[in-house]
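Supplied in structure tokens, the structure appears directly below.
Per-chain residue numbering starts at 1, and chain names A, B and C are given in the order in which the chains are listed.
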Amino acid sequence: MAIIEIENLTYRYPHTSQPALRDLSLQIEPGEFVAIVGANGAGKSTLCYTLTGFVPHFFQGELSGRVHVAGLETKEHPLEDIVLVSGLVFQNPFNQISGAKFTVYDEIAFGLENLGVPREDMPARIERAMALTGITAMAERSPYALSGGQQQRVALASMLVMEPQVLVLDEPTSQLDPLGSREVFAVIRELSREGMTVVMAEHKLEWVAQFADRVLVLADGQLVLSGPPAEVLTSPLLETYHIGQTRYTTVARRLQAENGWPAGQPLPVTLEEAEAGFKAALIK
Amino acid sequence: MQDKLSFYIHRDSPLHRLNPLTKLTLTFSLILMGFLAPGYWTATFIFLVVLLPFSVWGKISPEFTRTTFRLILPLTLFLFGMQSLFYPGGKTVLFSFWIFSVKLEGVQFAYLTASRIMNMVGSFLLLLLSTHPSTLMTALTQRGLPPSLTYIIVSTLQILPQMRNKANTIIDAQRSRGLETQGSLRRRFGALLPLVGPLVFGSLVDVEERAIALEARAFKAKRIKTSLLLIPDSPAQSGFRLGLIALTMLAIGSRLWF
Amino acid sequence: MPNAAARGRAGSSNLDPLSLQMDTDAHRQKIVDRNLSTIFYLPSTIFLSVSIYGLYLWLRKNCMRIHIDNLHFTYPSGVRALQGVSLTIEPGEQVAIVGQNGAGKTTLVRHLNGLLLPSSGTVHIGDWLTRDSSVAKLAARVGYVFQNPDDQLFKGNVRDEVKFGPANLGFTPEQIETQVDEALARLELSEKAAVNPYDLTPTWRKRVAIAAILAMDTPIIILDEPTTGQDYYSVQHLAGLIQHLRQQGKTVIAISHDIDFVAENFDRIVVMGQGRVLLDGPAEAIFAEEEILNSTYVQPPQLARLAGRLDLGQVVYTVDGFLAAYRQRNPAVSPVKPPISGG
């Protein structure tokens, strides 16, 4: 039973003439790690907002079709119900700090306070969220004194503490340095391994290739490709959608064009696949 | 770099442990009594006999007296001087120079006003030095203050210093495009829009994102909010607050009836 | 002889054949003299002109050399951000600066246009010492594209925004129009010139910010994290732009976390860590130093890592470089090979 079901979704922001998403249909199973790739403007952020209810409740506009997330039909439930089951983390770590709290610990508690969770229950949940995101040591520090990667992990913890069923991430590492990206991806991978359903919009294809169970390609508001990374990220159609490929794919494709790539060996998208493929090319 | 606007100094003292509402009530009572209670020396009395000892009790007397000297004293001296010189009426001239004459009544009035203001600022200072803004706001929210208002006040304390960083970055960016920020008033005025424009527009973008983040944390949920922070209260304090309110009523009453 | 010629000339109506002959001789001598001087003076004039022009060019080139000498910088908060950085960047070089956040990259480039002044040490932009020049003055030589375009956009339309910089620098109206048009065209913004920058998506706002600096026509351009948040198409476009700037002889300095982008577009890479320059050189030299790169959390490019796994023995970082090294190592895998039968 799919945890996310979208049927014929078309959505237009207010005061715009073109829909941001057109006739989109997809299904995501519980525990899947789905990556969304696409050129800027293709609709990745809009899809992320749709999965968390901000479209249509926050942005208004016109939405047609069905969006069903973790048992809730998003059009028919208020935003405050949807955010409980579907958590959103987006690009800018700084804007996700509430500003209402002076320590990381209190910041994470903020969501629980809003939900009316009894005080006795809070410490356990907060500590678990901090452990999951590796920020226990920073509990007493001000969120504003942290690095971007640390702040983003605080944002993640702040969402996780509310125990959502789905985690939606809109380019969570685009503002981070390589170390911060690594830290954040490690947390997300661990969450996925523990069974969380993760939907992540991302440009960094190497990471997508490593982590995602499935890749969705958006172009001009439409879903144009869907499948496992090895298949989607090596598709020759990517060029038309202004999406690149990992260097591993590029270099293997070049060799393939010169008949140097072993027949039947799929084009690689990760370092490991490339290593295996190039070694196999030697054996031939 | 200070990353929040706050006077709060963390000490382990009985004053710090008092319920914030008690301290808030105390602050307003002392201010009102200072202004309204009869007696020429009332405000001075409150300052010396209530505020200063309380600051010692709160282990913040060094900061209290230091800030008093630096902040309050110059202000009150200025007021004192202004009132003394420009007090209308009055007959007893103490001394005069040029076109100004300092009259006794003026000096008396000036001292009265100055001591009341010093009392007011001192009361607020006592409150702010010994009470964490978070604690104060939580206490007020629990008593019915709208959460949105609480949020606005507390977040301003933290976000305003961050906006200063943003403003500095904008200044740097525009200077890097050849904008002169030094020089004549006219030039500085012309530099205003390139500096304020990005700040305002950029902030609009930030504000929208922050609103989304807040909603994602159920801020607008129509539930009764709980608090991680346990703010201790006691019947003694409760009684003390009532007593203060009664005293203040008396002070107000004394004005009406006498 | 001169006297005879003089006498001959003095009495010009004298038609004495000898004096006529002498006149002609003198005349011929003059012509010969003149030709001789031409033959002598022309090359030397040319040589002199060329030398002077060459000197001017050399001066102008060296005018734009960036010279950083033992730069130390400590922030007012006490953070020692730069601890003895010495660096020279010749005019026309393309340099990428990489390293973890906090290594001092942004602090360093802020010294180049005077936003920061050294605590000790000197920074020269050509013959200008940054300590003696204002930021606005240095803006004529150093264009700095900030990371967040929203930190500079304030005009009601793209064209006015792009005009702001060159107008401040005092170009003539004609020059400004030309430079603005070129910058807009280069960033594919010509059709959007009348749009409010804040009506554009963040990706396009970034292009406006770049155009705004390009229009200033500075010999040195600094790009602070130009690829952050950009999609594949924009990154390709940026690579093309850097190529174009290289052809124009501009010095380009970029701070970037995208190591693949850096490897493919920059001749020289400076690796910073803890306020110091750890490595400085061409990509081959840099990516071989794995330990140092690790210390500042810089990961080698994808192909360099693959080459390492395959033991190709060379440092590679481009597609062509990789394939060449791969074939070198494995001659059996030749470029033109018939389809494998029975694979």
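Throughout what follows, a residue touches a chain if its C-beta (ideal position, glycine included) is under 8 Å from a C-beta of that chain, and two chains touch if they have at least 3 such contacts.
Note that the structure is a prediction, hence the values are computed from the model and not measured.
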Q. Viewed as a graph of touching chains, is the assembly arranged as a line, ring, star, complete set, or other?
A. complete
**Q.** Centrality ranking, top chain (CA atoms only)
**A.** A
Q | Intercentroid distance (Cα basis), subunit C paired with subunit B, Å | A | 54
Q | Rounded Å distance between subunit A and subunit C, as computed from the means of their C-alpha atoms | A | 38
Q: Please report how many Å separate the Cα centroid of subunit A from that of subunit B, as a whole number.
A: 44
Q | Set of subunit C residues in contact with two or more other chains | A | none
Q) Taking the complex as given, what residues does subunit B use to touch subunit A? A) 3-4, 132, 134, 150-151, 154-155, 158-159, 162, 206, 209-230
Q. What does subunit C use to touch subunit B in their complex?
A. 77, 110, 113, 115, 134-136, 139-140, 142-144, 146, 148, 150-155, 164-165, 168-169, 198, 212-213, 216
Q) Of all residues in subunit A, which touch subunit B in the complex? A) 52, 54, 58, 79-80, 83-84, 87-88, 90, 92, 94-102, 106, 109-119, 122, 142, 144-145, 155, 158-159, 162
Q. In the complex formed with subunit C, which residues of subunit A make contact?
A. 38-41, 91, 147-148, 171, 174-175, 177-180, 203, 206, 242-244, 246-248, 250-251, 254-255, 258-260, 262-264, 271, 274-275, 278-279, 281-282, 284
Q) Quick one: in the complex, what on subunit C touches subunit A? A) 100-102, 201-203, 228-236, 257, 259-260, 297-299, 301-303, 305-306, 309-310, 319, 322-323, 326, 330, 332-340, 343
